[in-house]
Each structure stands twice: as C-alpha cells, then as structure tokens.
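So that you can tell them apart, the chains are marked A, B, C, D and E in the order they are listed, and the count of residues begins at 1 in each.
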Amino acid sequence: MTETDIKISIMANEKPRIGVYVCHCGVNIGGVVSVPDLVEYAKTLPDVTVGREYKFFCSDVGQKMIKEDIEAGLINRVVVAACSPRMHEPTFRITCKEAGLNQFLFEMANIREHSTWVHMKDTEGAYEVAKDHIRLAIAKARELAPLAVQKVNVEPTCLIIGAGITGMNAALDLTSAGYKVYLVERSATIGGHMAQLDKTFPTMDCSSCILTPKMSEISRDKNIELLTYSEVVEVTGYIGNFEVTIKKKPHYIDQVKCNGCGICVDPCPISVGNEFELGLATRKAIYIPFPQAVPSQYTIDMDSCVECGICAREDVCEPGAINYDDKPEFITVKIGTIIVATGYDEYDPSGLKQYGYGKYPNVITGLQMERLLSSFGPVVGKPVKPSDLKDPHSIAFLQCVGSRNFREGGNKYCSRVCCMYATKQARQYKEKHPEADIYIFYMDIRAFGKGYEEFYESAARDYGINYVRGRIAEIRENPLNHNIIIRAEDTLLQQPIEVEVELFVLSTGIEPKADSDSITTLLRIQKSADGFFLEAHPKLRPVDTLTEGIFIAGVSQGPKDIPDSVAQAKGAASSAIGLMAKGEVEIEPFFAVVHSDRCSGCGMCIQNCAYGAIEFVDDRSFGTIASINIALCKGCGACSGNCRSSAIDIIGFSSEQLHSMITKRV
Amino acid sequence: MVKFMGLETENKEIENNLREIARELLKEKKVDVIIGYKKGTLPLLSQPIIIDSEEDIDKLIWNNLCYVNLAKYLVPRVPRFVDPEKGNLTVGVVSKGCVGRALIHLASENKINLDEIKIIGIPCNGVVNRQRIEMEIGEKEILEVSVLGNNIIVKGKNFEKEFPFDEYMNDLCKVCKIRKPPLVSKVPDLCVGECEEYSNIVDEFTDIEEFDSKTPKEKWQHISEALSVCTRCYACREACPMCYCNLCFVDQNKPVWFGKTTDLPDIIVYHLIRAMHMAGRCVACGACSLVCPMGIDLNIINRKLEKIVKERFDFTSGLDPDALPPMVNFKMEDAQEFMLEED
Amino acid sequence: MPNPYIPMLTRVKSIISENEVRDIKTIELEFQKEEKYKAFDYIPGQFAEISIIGKGECPIGIASSPTEEGTIKFTIKKMGTVTSAFHNRDIGDTIGVRGPLGNGWPMEELKEKNIVVIGGGFAFSTLRSLILYVLDDKHRKDYGKITVIYGNRDSGEVLYRDVLEEWEKRDDIEVVLTIDREEEGWTRKVGFVAAIVKEVAPSPDNAVAIICGPPIMIRTTVDELVKIGWKDEQILNSLEMRMKCGIGKCGRCNIGSNFVCIDGPVFSLAELKKMPNEY
Amino acid sequence: MTEPIVETKQSENKEWEPKIIAFLCNWCSYAGADLAGVSRIQYPSNIRIVRVPCSGRINAYFIIKSLTDGWDGVIVSGCHPGDCHYISGNLVARRRFAILKELLEFFGIEAGRINFMWASAAEGERFAVLVRKATEIVKKLGPNTKFDKKW
Amino acid sequence: MAEKILKKDDIGRLYSELEKEYKFYAPTKVKGNIAFKKISNAEEIELEYLNSKVPPKDVLFPQKETIFEYRYEGKDVIIEERKDLEDKLLIFGVRLCDAYSFKLLEDFFASGDFQDDIFLKKRENATIIGIGCNSPRQSCFCTSVGGHPFQKESTDVFLSDLGDTYLVEAISEKGESLLKKLSWLTDAKKADLTKSKELAKQAEEALTTKFDFDLVTKVLDENFEHPVWQEISESCIGCSSCTFLCPTCTCFDVIDENDEYNNRGRRIRIWDTCQSCLYTLETSGHNPRPAKIQRCRNRIMHKFSYYPSNYDCLGCVGCGRCITACPVNNELRLIIDKILEIEEKSGEKVSA
C-alpha cells in the first residue's frame, strides 16, 4: 500500500463527522429563508457535528471557516448548502484539499438555484425544499468515499474549428506559446466574415489591411496545420486525449500540380452566384473565393460543375491539375484541447415580408452593403442601386432587423454590431457623397464600446446623418423608379413621417450557424436558449464549456464585434495553453466499477457503453465477467442503469449514495 | 397443423421422430449427451432426463406435460455437461419452440456457445395448464392423466373428467407463434429435427386486450390479488431460463433495495422488477407459472412484455443470436409519446 | 422462558482503532442494567450476537477475558452492513448483545497443559481472551508453558499492541510475532505463520495447539504441526460460519448434524475430520 | 432507522402537497434547473432534486424504490434525444423508461407518478413548465400509499 | 371422557361458540388452494380437503413473524416484546401428518440450551383439532415415518369423518376442557367407534408408499460422499418449493424492518431455505455449500440423518407435499429409491 492508499483507507474507515455550512449568499438565500434555522435543523441530523452559517462561504473568510473545522478534526465530510455545484463545487473541493481532506468527501446542497430563487414568493416552500436538499446532501455525504485523483496527460496539440478572425488569433497565440495547432476551416479560405468587411468601426481602419497579414502569417506558421475546405467529422476521447477525424473535402484540383495561374477560370462556362459577394457578383464553377484568399487554392464546385472538361484541357491547364475523380481524404489526429470558433450566419430577412427583401431590388442587407462599399468588392467601393446600378442619392438604414424581436421570425437578443456598422456604412457613404440624404431608423442606439459613442455622436453631428427613432410602419416600392417609400413614426417628435429613398439597407443581425447542432453533437457541448454555444459560466468561465478541454470563442458563443472576438480568442487560447502547459490534468475519478461477485457476464453493459470501455475478462473465481477500462470510461452510468444484478456501480453516483438519498424523504 | 390426427397420435409421432434423431446423434457422436424429458411419477408431471447412451433413448418422451424449459440446465451447465478433461460437452437439447428461443437468446447474452449445443427441434403442440386442471378438480386426488382425441382425461378415485386440450392448454401456448425452434442459418449445424425459419411474426395480442382495457384500479386489484398468495419461494425465478444472475436483486444488500418479506408491497415489487428484467428476454415458455407451487398465473405479465417489445421495438426474443435485445439497443426515432411535454 | 432473541442492551464505552487503516475496531461495551452483566458469564472462545438495532445482528467472538472485570470487548472488522454500522457508532450509543454463545475454548481440559496459540490476522480476538485468562494471576498456575505465534500481513495490521507488549515483557509466555514480508523498522520475524511454526517447532508433549486465522493459514499450519508429531486431538480450531440466531434454531450453520453456534465454534481437528467437509 | 428523525409529516390542516423526487442529468436538466433559478422562474416547491451524471444512470430500482419509499412522484429528466453528453445514454434510458412506464400501468400502479422529460441546459423555462405539469399530475393522484406497510 | 358426535351441520355452532375465546384457524379456500387462515365465518371452513397447500405450520411459525419491536429515543432503544403470544389459538381440522409436525417443531424449538420462546408459547396456547385422513394420497407415506392417517396422539381433539357426522374424541386435557364447552355434542355410539376404526384401517391400507427409514438413515450416514448425490441433484433447479411447503422445515432468516420515518421498527424472521445458495454465503464470499449437490444433500441429510441423530426422530411427517410440489418431478420417493439402491448394490456385491 502506498501512503496515499493508506491515507484514503483511513479516511474511508472513519465514522462520518459532517460539517454543514449554510450560505446566506448575501440576500439570495438569506433573504428568502432563515439560514440560522436551516443550520439548527442540519445539526439535528445524524452524524452532523458542525453547523455554521456565513454571508458568503465562497469567500476567503468563508472557506477559512471550513478549513479550520477540518484542521481541528471536527469534521471529515463537508456539506455546503449554497448555490449550484456547477458554480462552486470546484472551489470547495479545493478548500477541502487544502485543509487536508480528500476533496471527494464534499457535497453541495443547491438551495439557491433550486430553492430560494425559484420559490421566492413561497418562502415556506423554499424553506422546506432547502431543508430537504440539505438532508439529501447529508445522506449522500454520509456515503461518500475518499477517492484517489486520476491524472491524464494532455497532448500538446490544439484543434481549432473555424478560421475566422477568432480562430486565427487563437491559433497564433497557441503557436507562439509553442503548441501545435490544427486549424480546420470548412470553406476554401480562412478569414471568415471579417474578410468580407471593408472598414472597421470606430477607427475606420481597413479590414483587409489588418486581416490579410494575419492570414499569411497563419499560412506561414510551421506549427499550424491549416486544413481548409475540411470538416471535423468525429471526435472521441476526452480532455487531453481527443481523437479527431477530419475530412478533407476534394478540391478536384491537384493542389501540388496547380500553379495558381487562373487560366482555367475564364473558359469555364458555368457562372453561379458568388457566396463571398453575397450574390452581388458571380463566380465560375472553378474558382478561388477572392483574390487574397489563403490558401490561394482553386476549387471546382462540383454541385455546379457539369464536367464539360474544358478546364482539364491541356491547353487550359498546362500542369494537368484537374482531377474530377478526386476523393475526400480522412485524417485522424490526437488532440489535447479544442477551441470552437465557428462564427455566425447573417440573419436572413426574407422572412420579414414587410421589408420587401428579395422582392424589391433596392432592398439589401448590411453585409451586402459592406460588399458594395468594399474597395475590392463587386463595385470597387462605389455603392450602386441594384435596380439601375447608379449611385443612390438617398439611403435609409433600418436597425434591429432580426434582432430584439420578440415576434415570430426574429431573435430576442441584440446582435451588438448593427448600430455601429450602420453608422460606419452611413459615414463611409457620406464621405464620398456628402450630398446624399441618409436616414437611420432605430429603436435606440447601442454604442457601448471604446470610442463608439464618440463615433456615433460625430456621425450625427459632423456628417449630418439623420437618426430617426421609430419603427417603420410600412414600406412600398415606387414602381416608376424602384425607390423605396418609407412610412414611419418618429417617436421623438411623435409625428408620422414619410421618406422616399433610393437604397434601403436592412441592418441584419447575427445568428448561430444554421448547422451548429452538428457541432454540439460532435463535441457534446451545449447551446444556450439563443442557439449560441453555452459557456460553463457566463461570468467566470466565459470561454469554457461543460465538456472539459473544449473551449468556445468568438461569435459562436454569442454576438460580438471584432475586438471582443479577438479578446475571447486570446482567452480561449490562454485556457488551452494553461491546460497543455501543465502537461497533465486531474480528472474526476467517477468511473464505473464492477462487483465481480455479482456480475453474471451477460454482456449487456458492453452493448450499452458508448465508449467501448467495457470488455469481458476471465476471472479466476467468477468466470467471464465485465471489466472497465477506466481510461475510456466517462462514468455516465448507462451500463449500470441496465444491469439487472447491480453488478456495475458508478463511483461518485453510487447505488448506495443514491439509495441513501431516496430513503431520506422526510 | 395436424390436429385431426388427435393429440395422442401427434405426440407419438413427435416422440418417435425425436428418438430417432437422438439415436442418430448419439450414434454418430454428434452430441455427447442429450437432455430431454421422461415420464413423470405423478400424473401431471414430466421429468427432465440426461442421457448419454443409446440404450436410454426410449426413456425420452414427448407429451403435453413437458413444460420445464431445458435451457435452464445449460446456464449454468449442470456437472454432467462438463467433462473434467474435455471441458464443455456437446449437448443435444430436446427443444420445443420456447426452449430453442431460450437457447438462442442466451447465446446473445453470452451465456451459451451455440457451437457446443444441438437444438433437437420438435413441433410443440402446447403444454397443459396443470394448475388450472388441478384447481378445477379441487380437493380430489388425480391419479391418472391420459389423452383421448383432443381431450385430456383426468381420472381419480370415483371421478373422471375430460378437459378439451385447446382450452386447457397453457395460455401462452394458445397464442404461441413459435412452436418449432427457430432455425439459425448462421450456425448451420445448430438445428436438427423440426426447426423453422421465422421472419415477421405477426401477433395481435388480442388475448390481453381485455386486461389492458381495465381501469388502473381493476388492474391493481387483479394483480395484487393474484400475487397475494406468493410465498416468495422464487420457484418462478429458478425455473426461468433467463434468470441466471449470480445475485438476484432481491437478495442483495448494500444497499437493500427492496424488502424480503411476503408483505404485499414487497411481493409486488419483486414481480414488477422481475418483469422489467424480462422485457425483451422472456421467451414465453410459461415455466414460471407452471412451476409456481401456489399456482399464480404470471402468463399475463409475460404476454404484456412480449407485446411491449413487439409493438414498441418490433422485437421478438430468441430468434437471432446476433440481435441486440431491446433494452440495450436504441433508435433515434423510438416512440416517446410517454415523455412529458409542454402543452 | 425469556425470549432468547431479545438482546440485552449495552452502551458503547470506548472505541479503539486497532490497525493502521482503521477498519478494525475494538469496542468496549457497558451493560445498561448491571444484573445483565453479572449474568453474562463467559469463558474465552465464546461469542455473542451483537446487534445494531435497525441494521441487524452478527456473531462476534468475545475479545475480552472474563478476568478483565467490568468490561466486555469485541473486535470488529468492517465487512458487511452490520459490521460497517458498528464502525459508525459513537460512545454512548446503544448496542444489543445476546450471549455468551457457543462452547468456547475448553479451559478445564487445557489445565496442566502447555498451550501453543497460533493466530493470524484479525481472528486473534478470542485468542487474546484466552491468553489474558491464562496469564491472570488466578489461573496462571493451572496451565503450563504458553507459546504465542501471531502473524500478520504487515506491521500495520498487528492488533492489541498494548497487551502484546506486556506479554513480551513477561517471562512466562513466549511471544513470536511475524509479518509476511520484510518491512523497514520491523525487528521481529518475517514469514508466513506456517513457516514460523516450523521454525519454532513447538513440542506436542502434553500440549494443545489453538489455531485461529484464515483458512489457508489454518491448513498450512496444521500440516506443519502434524509433521512434527501433533495429533488431531491436540489441535483446536474455532470455526466461522454464517449465522443468524446463534442458538441452533435458524439452521444455516450446520456442519453435518452439528451446529457451529451451539456445538462449536471450537472443534478439535479430530472432531472436524469426522464432520462433512462443508465449512 | 438508527437515525432519529426530527420532522414528522406535514401538518394536517394545510393542503396536501406531494413530494416529488427529481433525478436530473448533470449536463442538461440540472443546468436547466439552475437556469430556471438564475432566471428566477417560479415553480411549485414540490420537487427535490438529485443530481445524476446521465439519465442513462437511472436504474429502474431508483424509480421503484422512490415509490416504495413513499415519494409521491418521480421525475426523471435528461438531455433531448441527440444531445446526450454521453452520446446515447438518454436513448438507452428512454427504452427503459418506456417499458417501466407501461409495466407500471399494467400493474395498476398510477403511471402518472412517474414523469420522464427532456430539458436542456438552456431550457429553464421549459423545465419549470414541465415541473409544474408533473406536480399537477401527481397532486391529482393524491398521496402515494400503495406501498405502505402495515405497522 | 366419552366420545362425542358432531353433526356436520353443527360446525357453524361450534365455530360461533369458540371463536370468541380462540383465534380460530381452519382450512379455507384461498385462490383455489386450501390454506389455514384465521376465519371470520364458519362458511369459510372447508373440511372436505386432501391437504392444505401451505402446511398449518404457518399458524404457529408464520412465514414472516415479528420477534420484537423497537423504538429509538435519542441514543436509547426501547425494545417491546410481543404481547400477542398469550392469545389462545384453535387450529381446526388439521390432518394428522401436520398435527404430528407440530410435535416435531415443538421438540426442535425446545431442544438445547435455548428455547424458542415465541414458538413454544404459541404452541402452548394452541389447541389442535385434528381430523382423520380417510383417503390419503398416493404421495403420502406417514406410516413410514411413525405416523398414521388416524394418529390421534398429536392432537388435542380428534375428529373422524363418518359421512354426515364427525366422531369427536378428546385426546389431551386441553381437548377435554374444550369439549366441555360444547356440552351440546351428543354421545357417540359404539357403531360410530367401529366405523372410525374401520376407516382408519382402510386409510392405512390405502397408503401405498412405504419406506424403511431406519435403513435410509443408515445408508445416508455412510454415504455422504457417494456419487448418487450428483445424480439426485442433477435435475433440481433449486426452486425451494419443497422446503417452503414442508411442515417441518424451520430455517429462518432474521431481518430488521424499519419504519424509517417514525423511528421505529421490528426485528422479524422470515422463512429461509437451505436450497438457496445465499443461505450459507458468508460476507467474505466463502460459501460452505456453494453447489446444488451440497444443498440437495443437506436437505435429505437433515431430515433423515441429522434429525435422527439430534432429536431421535425423523424430520419428516410423510405428508408428501415435497413430492407433489417439485416442478421437475425430482421427488422424494425417487431420491429415497436411489439412496436405497446404494445399499442394494453393495449388498449384491457382498453376496456376490
């Protein structure tokens, strides 16, 4: 027996002496139920030797109180009745550990989220629930066993899904710290939405000018394995030891042979809408997304290609790089940490029939406007009306399209960028066309970032942009000139107004990627109600997910602008680096265990295990029985749930612990 | 079905064929031992018998009292089926449909290696519900049971009574769709005798419609009354080929999940959970009911289980050794009408 | 006729953890009614049914000696539900006791004889009782030479260190302690009990060997003793069996027609050899 | 039993309130219940929450023991199909629950005492709605006395 | 006291006069089986029966029985003994094999240094009215174990079924005092006595199953390790129906049953069976009788070898319940035959 084993055995054999610590959580708990009464109640329960209350047990002082009781030998189990264990279980585990108590001899009673917050008006009920939760927690605490911590190595490799500005920044941070990065991007180029932007608010610096150097830096970095036009198709394993399978989609062009001359593009007979230009321009079936794309690789869009064979002709493609029979390639890599930065989709306003998008040619979205304003866009930075390709003399922007909308078809949240980009676009246009009339119809202007308010102020004051507070009642098209006639109410002046503009820009918001479900399923992470990925804690663990070793960053977590996305990228990168720098990580030793004497070897658990963590072994005394590979076991308990003879138990959620809770009804 | 021949002739024919196959298997050393049935010493019973020499072949019988599920003797193997030196012997198992199903299902649960057995298929024509007959005869001693035409003749001191077999068959046999053991084409040497390939088994479960349509109160009344006489001797469990746990849940401590007494709640829980454990595993042999010393009819529970797994998961146990039992399997689109939903 | 299944009530007077990992505890009990203690008249080797009322009952050998007046002690290893419940008792808690039960060591027959006590592991409790009894001033003269061979897996498992130390100091008893494997700081013997028995080679002349321990130890030790001339009649064992009632009614502890609870738990090897091998 | 219990049953003059044990998956419904808390969504104070790693952990023993032990109702809540943190634990569990529910009904035990549901970490509102609904169902059934023993 | 006559029609009267003083147990039909239950109406009595499914043993030694009740008050435990043991019991219409079983049980529970007070008190307060067995079953063999279908000795009052009437005899003092309360019973005539004797003789002759148990005991004692046990236990499925329906099986388990929410509970005993693997399983995992062969052997040895050596009588009353109950027909008669075959074979060897 090692010393730790002996220590653990000793702790396991001690009679439980339970300390119960009921937290006021300021007024969150204490304001609804009587904490002193709860403490007195807890003290009447068997094996409870200490009961205390405090304003905030999670504070240093609170933790010290617990530590002192442990160190004084008064208690050997700790029950904290406070908030959700998802919040502070780790905190108090460390408290126990620091005081010399095995950290698994700790249990939390959730009396805030599950009692005082949900029964605020039913104080009597809240008190009953709190009491019961404390009693159940004590019942479990009594059955807790000290456990040896398991450590696993962390592979010093990070997988980043999505190579927009967030993914790119995270990648560069990681490699500069010396870690290998697999940067997977499903489109043919990195850069993401930022590559579509012209200028960035509020500094008005050119998006490309700051993005493209980063892009080439990525492509040069030896430590970044850049996998564009690729998708992650399978993720198995666990923190530090993920096995990731990536599908490299076929380009139908041999990238080694291709010299990037671009001769093949012109002869291609097929033209389709260019995704990068949001349909404002076309591209061929053989194409490169945009001239500055990284990597600079040509791709055949097989959905549109008719395999006419022109591009494959020797006179067109001299190196003979065209390969219509290209097949997808799969690679499997070992990964330590994962950062998800899959970005967003622009809100599609076609559903909002009242705004005429898709019906009237001169109604466009914000991102389309961005492309029109872009110096390398379809109209080289000189926006035109789609109806007649002439400069518009008047433009109206409508804010909150698809955002802050509680009716069908919209999102409840604020997309956080539209106020500023509309202002920016208006200013950009006004700089070149000072005579143009520009209206911005808004609910309220949200200019919360550094320099944003000043930017907005100046737009209204110095550029003469008309900000109209009010929602648009209706629009219609002037059939003669395709102008848009807007009727609205100016809620500040409290009078109806009607304006006719030549271009109507819908400041569309941001939405979760349409197929973000595939990521949640793949990585077993959660989404919040708005559809963006769910962080482990909104304040304190904003880039962590509930799945250890997987982080989220950028707009995939929620709408944000470039500085915030980059900040999150850096946060996620530093979290991942932190894990990998330690080289190993402690994982909760919550595995399945087999009671050999009960197992009758039916093998049903083997079928049930999604991780292949159970196999048959031949036991000398019990014959063929199940055995757990703890490196693979996640402790989910699916095996145990079906075991007829209760031969499999789950450490941390053992039958005895659950039984003990069930039998403590009153 | 060859009903017109009369039960007796039918049994005789089955028995003769059975003996012939058994003789051949032993002669050609295709099996080391055979387990089958022999005549019982009491009028309504038969007895399992293990034979390993041709001279004992004539002890093998088939009649409508052969209700023990012989698969029970293979999990775990009785000592006679294991040679101290050679290890597991090849066992020929006289199998009516449900015995065959049990063997095949047990193979899917890794309890039987199909290479080590031979299913000697017989076209079962049903077993007698002895409990029902005994109860109807009441407090009179049955001295002799014979078969005439399609009737069971029960004789005793000063009485003789005829029971139409069709009616006095065990309830499960009445609705049995798998009278011959299923043929497992993947294991070509497994089946001898009369086995049959089953594809889609159609069952309307009309027999439990009536019970199903009762109110919860009536159901509780019925079930609790029927089970109230249970002495918890566990004969049902011990006779069940699917009950092979090393330690049954009712016998466990640490924790003690359920009471061990004969108080009604404890009895109900035992039967409820045993039923739960049988879902998708019960092979409808009816042994549990027929061995119950108190004559409790558990058939209806077994039928319900069959119905649940058939209707929900389109599963019939014991047809394919590679098929995953429904409890460990799943489909994304499984019905979930029972889940609570927002209005 | 009192109901023989009703335990006498006692209170926990003291609790001592006996071994390093603390899964063996000696619990000292105090009868709630004085006259019950007086009625609890036992000899070494007997056992009692101890119950945590509400959890159940289990048979435990009495670790104290009748010569330790005013106290009874039980040494309990944490094994099943009931024994685990014992380990969670506090001083002052109520514990039920039924006994004394069983035949105990034949103290009368042992008189004038040399006694070789061989124990292994935690089954030493009734041996402690026996040795304390024999060493008591009142009885010492009745018995011959005493040799104790006590083996454990490692030093952390050695029980009753206080009395062992005292015995080692005395010159009317030979104490041989052994552990299975070498260990730093251990100055006594190393090796399995059987090997030590071979080494010590106690003489069978006018002697009785009393053996308690795990089955494998008993078997190997008996073999050694027989090799050096011990007769089956001279070798005594205390058996363990699953019991419920302890008074020969519940049925399960029979070996042939004997019940371990009333005809045992002490049997000589000669007796055991006549019994079916179902223990 | 060795444990003295201070509380006795609820005082009689109050309206009877069921006590429901809720086994919640750590990854979704437990977090959903947390979210209901954070969002201050109010629901009746009848449930007592027990955290489990996955709905797949829930053995039928837990549910039936809860009933025999006198809980008036049981809630089991896990991740929506396809969203299981452990890939498929909830799908295996779903079959188990389907069978259990049918069997209870068959035995004439009020199947309404047992309520299975899906609620994700983001569905605080849904969690509250379903708890309300389950509480109503159980309340209508009245106290759970089928498994009471005679004393 | 002279023999009396009880008209079958008067059983109701008998019941109504005795039920106030006694807890009146009688054979009655429960779910198609005869069982001894405390009845609340004379109509329930079913005297035209072969024998009960579960023996009347369960009146005095029920499947689940409270040993004592307890209450917790803080650290104190208050033990409450049973108060109902003084109740007077009447077990009416018991077959003689079962009546004899009460004697065996009494001997067993009273043996040794510790007496089972619970059983013995109940036995003491119980009056047994036996009824002669006019037509024993094929599976009955009471005469082989020292009994008889009309064995009066183990009853307090003995009835023989004469057709429309019962001949009533008081056997014990208890029986006599009981009959005194039934002053309305008419005196029996000589012809009734003769008829009763005739019936007894007929019944004895009807018993076809006969064993020489002295020989069985001897063979058993010598053949503990004989291979025949393998054969005997082969078809046994360990269902324990034989022991659960046996009138002389006494094994029990002790359990504490708690009323968790009211700080009280009871220590109970419930029937256990040596046919269960768990019966002897020790906490350490060691099991002295792990295999079916040992458990089957234990049952037979217990009844026909250990009982004679410990209590000087067979542990069997010949009721034949284990014979009819065995679902795999591995019945006692076959087992005894196999055991006796050992002797025959060795006898052959000696003579050869």
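Rule of thumb we're sticking to: a residue touches a chain if its C-beta (ideal position, glycine included) is under 8 Å from a C-beta of that chain, and two chains touch if they have at least 3 such contacts.
Keep in mind that what you see is a predicted model, and the values were worked out from it rather than measured.
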Central chain, going by Cα centroids?
D
When all chain pairs are ranked by how many C-beta pairs they have in contact, which pair ranks first?
A-D
Chain A and chain E, separation of their C-alpha mean positions in angstrom:
74
Whole-Å distance, chain C centre to chain D centre, using C-alpha means?
50
Whole-Å distance, chain A centre to chain D centre, using C-alpha means?
30
In chain C, which residues are in touch with two or more of the other chains?
53-55, 80
Please list all residues of chain A that touch 2 or more other chains.
597, 608, 642, 646, 655, 659, 663, 665-666
Sequence positions of chain D contacting 2 or more other chains:
1-5, 8-9, 61, 65, 69-70, 82, 88, 92, 96, 149
Considering only the defined contacts, which chain B positions touch chain C in the complex?
253-254, 256
Could you list, by residue number, the parts of chain C that touch chain A in their complex?
17, 20-23, 78, 87-90, 154, 156
The answer for chain B against chain A in the complex is residues 109-111, 244-249, 252, 254-255, 257, 277, 324-325, 327-329
Could you list, by residue number, the parts of chain B that touch chain E in their complex?
40-42, 45-50, 68, 72-73, 78-80, 135, 139-141, 143, 157, 225-226, 228-229, 231, 233-235, 238-239, 247, 251, 259-263, 287, 290-291, 293-296
State the interface residues of chain E toward chain D in the complex, per the touch definition above.
72-74, 256-265
